[in-house]
Amino acid sequence: MASELNSVDLRVSIASLNLKNPVMTASGTFGYAREFEPYVNLHRLGAVVVKGISLEPRFGNPPPRIVETSCGMLNAIGLENVGVERFISEKMPALQQANVPVFVNILGDTLDEYREIASRLAGIEGVAGIEVNISCPNVKKGGVAFGTVPEMAAAVTAVVKENSTVPVMVKLSPNVTDITVIAKAVEDAGADAVSLINTLIGMAINHRSRKPALANVIGGLSGPAIKPVALRMVYQVARAVSIPVVGIGGIETAEDVLEFMLAGATAVQIGTANFVNPRASEEAVEGLARHVATESLGSIRELIGGLILP
Amino acid sequence: MASELNSVDLRVSIASLNLKNPVMTASGTFGYAREFEPYVNLHRLGAVVVKGISLEPRFGNPPPRIVETSCGMLNAIGLENVGVERFISEKMPALQQANVPVFVNILGDTLDEYREIASRLAGIEGVAGIEVNISCPNVKKGGVAFGTVPEMAAAVTAVVKENSTVPVMVKLSPNVTDITVIAKAVEDAGADAVSLINTLIGMAINHRSRKPALANVIGGLSGPAIKPVALRMVYQVARAVSIPVVGIGGIETAEDVLEFMLAGATAVQIGTANFVNPRASEEAVEGLARHVATESLGSIRELIGGLILP
Amino acid sequence: MSQFQKKTQITRIERFSSDIVRLTLLAPDIASIAKPGQFVMVRTGNGKEPLLRRPFSISQTSNGKHFQILFKVVGRGTSLLSHCREGEFLSILGPLGHGFTVDCQRLNCLVGGGMGIAPLLFLGKTLSRVCPENTPLVVLGARNREELEPLVQDFHELGLNVHPATDDGSLGHHGLVTDVLKKLDLGDDCEMFVCGPHPMMTAVHFFCRDRGFSCQVSMETSMACGMGACLGCIVPVKNGAYAHACSDGPVFDSKELLWQVS
Amino acid sequence: MSQFQKKTQITRIERFSSDIVRLTLLAPDIASIAKPGQFVMVRTGNGKEPLLRRPFSISQTSNGKHFQILFKVVGRGTSLLSHCREGEFLSILGPLGHGFTVDCQRLNCLVGGGMGIAPLLFLGKTLSRVCPENTPLVVLGARNREELEPLVQDFHELGLNVHPATDDGSLGHHGLVTDVLKKLDLGDDCEMFVCGPHPMMTAVHFFCRDRGFSCQVSMETSMACGMGACLGCIVPVKNGAYAHACSDGPVFDSKELLWQVS
C-alpha cells in the first residue's frame, strides 16, 4: 500500500515550478520550517512558505498578540521578523538542507521596500518562489491599501516581478468588496499565481476588563471559522483569472484540500491547523494520495475546478 | 432578587423609539416571533425583527438551503416570504398581541419596490420601526449593489425614510472593503440607526458528491464563527457615525452583548443562536440585568462604547 | 401546540450494533403529549461545534414519562450522542411537527427503511392500542441482519408480525421493501405509512399512486431550527412552491409533494 | 531538541478539589527526557472548539514512563480535560521549552503560587536527586487550605519542608509568599525558582534584585503553537524587543525581562 501510494500522481505546477503535491504551509504558521522537523518530513510537502520578511528587522506588536475565538483565532503578531539580510544568512542555510521548495513571503510599507527585498532575494539558492503579502491587516501604513486598491496591488506585483528570478505569487486580502477585481489586476501586472485568503480583520473584547483582547485592538481571523469565506473567494477568483490559484483558509485535512481543489485551487496552504496538529500538512499529503488511489484518478490534477454545479 | 433585577435600568433608545432593553432578535432567525412563544416571553425582549418582507411573495431558493460549518452555518433561503400584503393581513395581528416592538425587515430589487413596501407599512399599527435590508447576499439582482455602493445605499435609505412614519434602521453588509463609508452614506441620507452585520458570503462543498452543499452555490455565513468580524465592524462604525449602532453577528449570551455594547453598540440582535437555544434572547436580557445589578451600574447605557483602549 | 425546551436525563443507553444506539430520556412533558411521527431537536454537545441541534424521530414513549430516540452514527453529532453516559442530561426541544394521521377503518401498512423505522415503532404501538381489532402490516428494510434484527424484535414485542427485507439477504427478502409490498395482499383501501431513504419513499409513493392507496411519508431534510423559523427545511410541493418539513410535516400526504421519477 | 506528538493514555485521575485535577499520562518518550520547567501542549477535545492546544507544565515524571499535569479548571479547555476518563487518550506535544538550570552549590529556594506550584514539584524532586546534600527551601502560596494542602503534601512526600502562605490564612502565613521570603534566612548566595501569578513573580524579581540573588521565573503567556512558530507568546525584554515564552523560555533569568514596578 505505502509503495502504491508513492506512485500516485499528486504533482501540480505553479508557473515554471513543479511541486510534488499541492500541499504547502502558510506564512506565519510554520515558522522557518525547521521548527516542524520533529514532526514533519519536510521533503514530503509540496512547498513551505516562510514567515513574512521585511527589509529591516521588526519587533512586532506588544502582547497579547493572539486570542482564541469560536473555531478560530485572532493574531496581531505585527510582522515580527529578522529582516531580509538575517533571513538570508541565518535562516536560508537550514532551509536549503530541507529539500523542499521554499516560498519567501515578503512585505513592505512602500514600493521601494518591495523592490529592495525582491532584489536581495533574487538568485539566492533555495528560494523557489516569492509570495507577495499585500494583505496583512496589521501594518498601519501602506499594507492595507496595497491589498485593497487594484492599481496599487498591480504596482507592487510589477515591481516584485521585475526584480525576481523565480515565480511570483501574490497573496490577496479577503477584506474587500470584490476580490476578483484585485486578482485580475495582479494577473494583468504579471503575477504567476495568486494565493488567498489572508486573514479576515476581526476583534475580540474581554468584557470583564473592558479591554480589547489584543494590544493591537484588531487582528487577523484564521482557522476553520473562515473556511466558508475562503472557499467562496477561491471559487470566484478561479473563474476570474487564468493563472493558478492557491487556496488558503481553515484547511485542516485532505478532505478540505479536495474541496478547495474542486473549487478551482491548483494548490493549497495549511495555516492555523499546523498549531493544532503539527503533522497536518504531511497527513493531508497522505490523505490525498489515498484519495487518488481509492478513486482511481489518473492524477490529482483532474480535480482542479471539478465542482459539479446544480 | 427577581424583583431587584426587574428594577435595574436596561433601557436604550433608537431614535424616537424607547426599548425596554437592548436585546432584539435578528431577521430571518425568529420567524414572525409567534414560533417562539412556547419558549420566550416575547414582551420581555427589547424588540423583535421579523423575516425579510418583499413586495410580492417569494418562494425562495430550492433545497438544500442550509448547511452547518465550523461554529457557523450557511444559509441561502433566498428570501422566501409571504409578501407585504399577506404580512400585514396574516402576520401583524398576532404580532400586535405580543406586546413587543416590531421591526419589519424589508427588501426590494429596485428603489420603487422599497418605496412601495415602506408606504404600505406606514401607519400600520404595531410596526415600531423599519429595518432596511440592503445587504442580503442571496438576491441576484439589485440586492448586493445596494449594500456595497455608498450612493445606492444612500438612495434606498432616503426613499424608505421619506415613506416611513417610524424610525428607519439600515442593515449593512459586511462584504465590503470599508463598512464605515456605507455607514456614513446612509447616516447622511437620513437613517435613524444602522444595524450590522448581515452574513458574510461563503460556500461549502461536498467533496464526495463534488457538488456545492447549497443549491444556490453560495450562501450567507452566520453564527459564532463570524463574531470577531462583526465586533470589529461595530467598533469601526460606532466611531464613524453618530446615530445608534445595533450589533449583530454570533451573539449568544449576555457576555456577548456586553462585548458589542463596549464596542459601541446601543442595542444588539440575536440571530443563529435562537436556533440552538430558543430562549437565548430572554436569557440574554436576564444576564444583562444580573450584570448591571452585580456591577452596580446606574444603567446599561453606561457601557455603550466603554471599551478601554490600551 | 405545546412545545418544550428541556434538560432531559438519559436513563438508558442500548447499543444495538457498532453504530446503532437507542437512548431513553426522562421527559414527562414531552412524552405525555408526543404523537407518532413527531420529532425532537437534540443538542449533541455543550460546545459550539456542532453548532446546530440534530433532529430525531420520537421512536417510542412509555408511561407518559420516557421517550426514546434511535439513531445511527453518521457524523460528529451522532458520534457525540453515542458517547453519552447514563445519568447525563441532554437539551431537547419538542415534541415538534405534525405526526401521522390514523384511521382504524383502513388496512394500515407501515413501511420503514433503515433509521426510518424509528418513528414507525411508536406508530405501531399506538395503532395496537387505538385500533386493537385492526392489526397493521409491517414491512421493514435495512442493509443487513445485524441492523434489522433488533428493530424487528421491538415490533414482535408489540405482537406485530414483520416482513423483513435486507440489501444482502441476511434476513428476510433479499432486496427492496417495494418487492415485498408487491407480493402482499393489500386489498383496495390501504393506507401506507412510510419513513426511510428518499429513493424508497419515492418508489412507495408511485406504488401507492398506481394502486390508488393513500400514502403518508415522513420527510428528512436538513434542519436548523425545527420550529418553522429558519425556512431551511423545505420540500418541493406542486407549482414551484415549498412546504416546510419541520412545521408543515415531517409527515405529508405523499400526493401533496413533488416526486421525481428516477 | 527531541519533541514528540503522541496519543497518550490517561492512567490516573486525581481530583484535589472541585476545580483542581491531576492527570497521569503514559508517555515514555516524553517522560524519559523531560526536564523540570518544561511543558506540554495538550489537545483538550476532539472537535474544533476549543481550537488550540493548551499549555501545561510537566508537574512530575515517574519511572521515565509517566508524567503528570496538574491544573485548575478556568475555562472550556480545562473543563473538558477535567471530564476525561481513565483509559482515554490525549494528544500531547512535548516536552517543550527550556526548563530550570540548577546549581547544587547554591541555596536553592522554590517559590510557587497557585498552579505555578506544578512545575516546582518536578524541580523539587530533581533537586533532591541531583543535589541530595543540599535541601532546597520551599515557599508555596495559594488562595486557601483546600487548594494548597494536597500540593504541600506532595513536597512532604519528597521529604521537603514547606513554608505555606494563604490569602485567607487558612494554612500557614496569612498573606503573600514574599512576606514569608523576607523572614527566611536566605544567606547571600541564593537562587530563586519562581512560578506563579505575574504580580507575585514581579515582587520576587524585585526582592531578588535588591538582595543580589539570582532568580529564574517561569512565564505564562497565551500560546497558539508552543514551538516557536506563531510568535504569539512574547514577553517584553530590554530595549523594546521580545522573547518567546515557548522557545526562549518558559524559564528565564528574571534579569533579562522587563518588569513593571506596580
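The chains carry the letters A, B, C and D, assigned in the order they are written, with residues numbered from 1 in each.
Heads up, the rule we're going with is that a contact is a pair of C-beta atoms (placed from the backbone, for glycine too) under 8 Å apart; a residue touches a chain by one contact, two chains touch by 3 or more.
As the structure is a computational prediction, the values presented were derived from the model and not from experiment.
Novice: Which chains make contact with chain B and with chain C at once?
Specialist: The common neighbours are A, D.
Novice: Compute the distance, rounded to whole Å, between the mean C-alpha positions of chain A and chain C.
Specialist: For chain A versus chain C, the centre distance works out to 47 Å.
Novice: Find the geometric centre of each of chain A and chain D from their Cα atoms only, then give the gap between the two centres in Å, rounded to an integer.
Specialist: Centre separation, chain A to chain D: 36 Å.
Novice: Would you mind pulling out the distance in Å between where the CA atoms of chain C average out and where those of chain D do?
Specialist: 54
Novice: Can you list every residue of chain D that touches 2 or more other chains, as numbers and ranges?
Specialist: 48-49
Novice: Among the residues of chain A, pick out those that touch two or more other chains and give their numbers.
Specialist: Residue numbers touching two or more other chains: 62, 70-72, 223-224.
Novice: Chain contact graph: line, ring, star, complete or other?
Specialist: complete
Novice: Looking at the complex, which residues from chain B come into contact with chain A?
Specialist: Spelled out, the residues of chain B in touch with chain A are 62, 69-72, 74, 148, 175-177, 200-205, 207, 209-212, 215, 217-218, 221, 223-229, 231-232, 235, 250, 255, 258-259, 262-263, 306-310.
Novice: Can you check the complex and tell me which residues of chain D touch chain A?
Specialist: The touching residues are 1-5, 43, 48-53, 91, 93, 221-225, 227-236, 240-242, 247.
Novice: Using the touch definition up top, name the residues of chain A that touch chain D in the complex.
Specialist: Per the touch definition, chain A meets chain D at residues 28-31, 35-36, 38-39, 51, 59-60, 62-68, 70-73, 75, 77, 80, 223-224, 252, 272, 274-279.
Novice: What part of chain C is in contact with chain D in the complex they form?
Specialist: On the chain C side, the touching residues are 45, 47-49, 76.
Novice: What residues of chain A sit close enough to touch chain C in their complex?
Specialist: Contacts found on chain A: 70-71.
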